[in-house]
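Chain nomenclature is as follows: A, B and C, assigned in order of appearance, with residue numbering initiated at 1 for each chain independently.
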Amino acid sequence: MTTASRSFDWRGLVLPGLLLAAWATVTAAHWVDTRLIVPPAGVLRTALRSLADPSFHLGVLFSVARDLSGFALGALGGVALGTLLGVSRRADRLIGPTFHTVRQIALFAWLPLLSSWLGYGELSKLVFIALSALYPVALGTFEGVRQITASQAEVARVYGFDRRQLLFRLILPAASPQIATGLSLGLVYAWVATIGSEFLLANWGHGLGNIVIKGRAAFDVELIVFGMVVIGLVGTLLNRVAARLEARALHWRRVAT
Amino acid sequence: MQAATSSSHPIAPAAAAGGPAVRAWIAVAGRWAAGLVLPALLFGLWLAAVRGQWAPEQILPSPALVWQSFTELWQSGELQDHLAISASRVAWGLLIGGGAGLLLGFAMGLSATVRAYVRPTFDVVAQFPVLGWVPLLIIFAGIDEALKVSAISIAVVVPVAVNTLAGIANIPHTQVEVARVYRFKLGQVLRHVVLPASAPSLFNGLRQATMQAWLTLVFVELLASSEGIGYLMVWGRQLGQLDLVVVGMLLIGAVGVSLDVLLRRAESALLGWRRVAF
Amino acid sequence: MKRRTFSAALGALALTPPAAFAQDKPPVIRIGFPNAGTGGRPLGGGSYTANAHHLRAIDEEFKADGIRVEWKFFPGAGPALNESLANGLVDFGFGHGDLPVLVGRSTGLKHKVIASSGRGGDSYFVVPAASSAKTIAELKGKRIATFKGTASQLTLNRWFEKFGLNDKDFRVISLDSDSTLAALSTGDIDGTVRAPFDLEARGVARRIHEILDDPYITRPGTVWVSDAFEARFPQIVQRVVTRLVKVAHWSTLDANRERQYQLWATSGTPYVDYKATWDRARDLRDRLNPLLDTYYTASIQRSIDEVKKYKLVRRDVSIDGWLEPKYLQNALKELKLEDWWPQQDADGKTVVPGRKLA
C-alpha cells in the first residue's frame, strides 16, 4: 500500500518515458519499417483527429456501456453463485462439478454457438460479457468463502447470527479480499470480452472495437495503435475505480507490504 | 473445493471391513452421482430441444451427430493432430507467460522500488485486452505460431502477475512482523511466510492463466489458423456443421478439466493443512 | 369431401377474382447480402444486386405499400447469411456464392432460386511484392489464404486444379478479406486470389497469373427467396424480382457504367480495382446477367460435383426442385426484356445473343 498518498510518485513515469523515447528514436532513424512501426507523432495526429470526432466519443461510450452492464450482470451472478457453492456442500456437489467443468470451456469457444443462436447484436454481446465476468467473480467468491476458518464461523455461531447476518456480517466481509480480487479480474475480463465480442461479432455498430476494425481495414496502423491506447486507458480507468472500491472495502485489514 | 478440506471422507475405504468401509464407498458413489445430476438434466434438455425442434437443426446439432463427428475425427486421427497443435501452443504460452508473470508479480510484490517504477506501467498495459494487441501482433508476428504463442503469453502474464501480487499484498501483517522479529533471511521469508500465505492466490492465478490461455488460443485460432481446435470450429461453422463446433467445445472443456484437476491435486497436496469453516 | 361439393367448391374458387384472396402484406422485407464492405461496412459492389441497394430500388418499390425494407450485410459472408436464414431472420439472399448456398441447401435450408446475380469476370493470383515466386507451383507447401466456406474456397481449388495441384500441396489458411489484405502487406501469406490493381499501385503485391473470361473458373451468383416468404407472399416476390430485373437492365447500360464504379467504390474496394476489372467487360450484359439459363444450371451442377468431391457437404445436394424461374420469366415479359440478355450454354458460349444495341 502506498505510504504518501498525496505526493505523486514520479518513478512510475520512468519506464514509459524510456519506452517512448526508444520508440521515437527508432522510427525517426528509420531503423524499422515505418509503415508497420509508425512514429509516435503519427499516432498523436490520429489521436487529435479522433478526439475531435463526435462519433469516436459515441463509440467509446457504447463500448463502456456494454462493458458495465454486462459486468454488473455477471458480477451479481458470480457473487451469488460463488457464495452458494462455497457455503453449501450440497450445492457444491450438485452444481460444482458442472460449474468447474463448463468454466474450462474457453469463453470464445461459446461465441460461434452464441452468435448462431442470438445473432450479432447487443444481446449476444451482453450475454458473452456477463459470462466472462461471472466466472472470475464466482471463483474469487468461492475461494474467499472457502478460506473462512472454522474459528471465525464459531464466533458467528456464538453470537447467534441468523442467515442474513451470517451472509452480510461474516461471509461476505471475511471473503471480501478474494471477492474483491475476483471482481477486479472480472472487470478486466469483461472489458476483454467487450472488445473481443466487438471484434468477432462485428456488426458495424458503435464501439471501440469497430473503430479498430475500421483501422485494420484501412491499414491505418496509427488508428490501430490509437485505438489500442484508448482501449487500454479505459480499461485502466475501470480498474482504478475497482481498486479504489477494493481498498475501501479492505481498509480494516492491515497488509504486509 | 474438496481440496482444501481436511475433514473430507477418505477416498480409499478403511482396511477394517464392514460398516465404515461400506459407508465410505456409498459416500464416494453418492458424490459422483450428485455431480452428474445437473449434467444429466442439461443433456436431457438438449435432447428435448433437438427432438422438439426448439431451434432450427442448422444451428442446434443433435447429440447423435456430435458423437458421430467426434468418432469419425478421432478414428481418422485428425482430432488428435488438432489437439496436439493447440495444446503445444498453450503449453509454450503458459511457460513463457507464466514464468514472466511470476517474476513480475514477485518483483513488484516484494520490492517497493520495483513496484514504484513498474507498477504504473504494468497497470496500464495489463488493461490492454490481449485482443487489442492482436491486430498489432498480426502485423508484427505474422499469422503463424509466433502470433499464437505471443498472444497467449501476453494473456497469461497478467492474471499470474496480478494474483501473485495480490497474494503477497494479502499476507497478514502479523506474519511479516514475526518474520522480522526472528530475523528471517530472504529465502526463509519466502519459504515460510510469503509462499504459504500467497499460495492460494498463486494457484488462483495459475487457474485464471490457464483459462486465459485457452481463451486467447481459441480467439486467435478463430481469427487466423490452418490447424488446431479453434480452426476446427471455424471450419465447422463455415461449412454449416455446428456439430464440429460442439466437438471442439467439448474437447476444449475436457482438456481444461484435466489441467484443472491436476492443479487441484497439487494445491490440495500443498495446502491440506488449513482448516476451513465450510 | 363428397365429389359434388368438391367440384362446387372448385367452381366457386375459379370464379373468385384474385384480389379477393386477402393477401396480407409483410411489415418488412429483409434482404441479406453474403458480404460486407471493408471493415464490415454495410455497402456492396460488383453486382446489379448491390446497385439495388445503392439506388434504394426495392425501398422505392414498396414505399407506397408501407412496407419497410431491411438491408443486411454480413461480414461473415455466405455462412453467416445461411445462419441468418436458419434463424428466420432474412427473406431474400442477394448474390449468394456457390459453396455457401449449396452448403445451406445440404443442411436443410429451404429456399428457392429466383434469379442469378451475375456471372463471369476475371481471376488473378497475387503474391506479396517482396516474393520472388513466378508460378503457383513454386508456392508448394506455403501459406495460401482464402475465406473458407465462401465461393473463394472453391475458386482457389479450381486454380490449383488448373495447374495440376490440389489443396493438400499447400497450407490453406482461412482469412477474411481485410485480414488477407493485411497479411499480404506484411508477407505473412505467400499468395491468394484477389484483384491486383490497387495492390500493385501501392506496391503491396503483384500478380503472377491471370485467368481471363474463363467460364469454368467463375460461377454465377444466386438470388434466392426463403420458402416461407414465397409461400405467403408470392406477389411480393414477383414485384421484387421485377424491380431487380429493372435495376439489372439499368446496370447494363454503358451510360451508367461510371456511376456504378463510383457507387461500388463506397464499399471500400478501391475504384481502380473495379475500373480495371470491369472495363474489360465491353458489354456489361455478359456479366450483369440475371438469367437462369443453361450456363447457370450447368455451373451450379459443376459446383455440386465439386462440393461432393472435396467432401464439403455431408448430405447429397440436388438441383432438382430448387429453381423457380417463373418470377424471372414474368419480369422479363412484363418489362419486355426477354431478348435483352445473351443466353449461354453449359460451356459459357453464347447461343442466343442479347438484343442488338442501336
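One rule holds in what follows: a residue touches a chain if its C-beta (ideal position, glycine included) is under 8 Å from a C-beta of that chain, and two chains touch if they have at least 3 such contacts.
In this text the structure is predicted, and so the values were computed from the model without any measurement.
Asks: Chains as vertices, touching pairs as edges: which of line, ring, star, complete or other describes this one?
Replies: Contact pattern: complete, every chain touching every other.
Asks: With respect to inter-chain C-beta contacts, which pair, A-C or B-C, contains the greater number?
Replies: B-C
Asks: If you average the CA atoms of chain A and of chain B, how many Å lie between those two points?
Replies: Taking the mean C-alpha position of each chain, the two centres sit 17 Å apart.
Asks: As a quick test, compute the distance in whole Å between the mean CA positions of chain A and chain C.
Replies: Averaging C-alpha atoms per chain gives centres 42 Å apart.
Asks: Quick one: report the Å distance separating chain B from chain C, using the average Cα coordinate of each chain.
Replies: Each chain's C-alpha centroid was found; their separation is 44 Å.
Asks: Taking each residue of chain B in turn, which ones touch at least two of the other chains?
Replies: 59, 135, 139, 223, 234, 237
Asks: Give me the residues of chain A that touch two or more other chains.
Replies: 36, 116-117, 216
Asks: If you look at chain C, which of its residues touch at least two other chains?
Replies: 83, 86-87, 179, 182, 186
Asks: Please name which positions on chain C make contact with chain A in the complex.
Replies: Touch residues, chain C against chain A: 36, 38-42, 73, 75-76, 80, 83-84, 86-87, 89, 178-179, 181-182, 185-186, 268.
Asks: Okay, in this complex, where on chain C does chain B touch?
Replies: 79, 82-83, 86-88, 103-104, 106-109, 143, 148-150, 171-175, 179, 182-183, 186-189, 312-314
Asks: Under the touch definition given earlier, write down the residues of chain A that touch chain C in their complex.
Replies: Answer in residue numbers: 35-36, 115-117, 119-120, 202-204, 210, 213-214, 216-219.
Asks: What part of chain B is in contact with chain A in the complex they form?
Replies: Against chain A, chain B makes touches at 1, 4, 31, 34-39, 42, 55, 59-60, 109-110, 112-113, 116-121, 123-136, 139-140, 158-159, 162-163, 166, 168-176, 200-201, 204, 207-208, 211, 214-215, 217-219, 222-223, 230, 233-234, 236-237, 242, 245-246, 248-250, 252-257, 259-260, 274-278.
Asks: Tell me, which parts of chain A touch chain B in their complex?
Replies: 1, 9, 11-16, 19, 36-37, 85-90, 92-98, 100-113, 116-117, 135-136, 139-140, 142-143, 145-150, 152-153, 177-178, 181, 184-185, 188, 191-192, 195-196, 199-200, 212, 215-216, 221, 224-225, 227-228, 231-236, 238-240, 253-257
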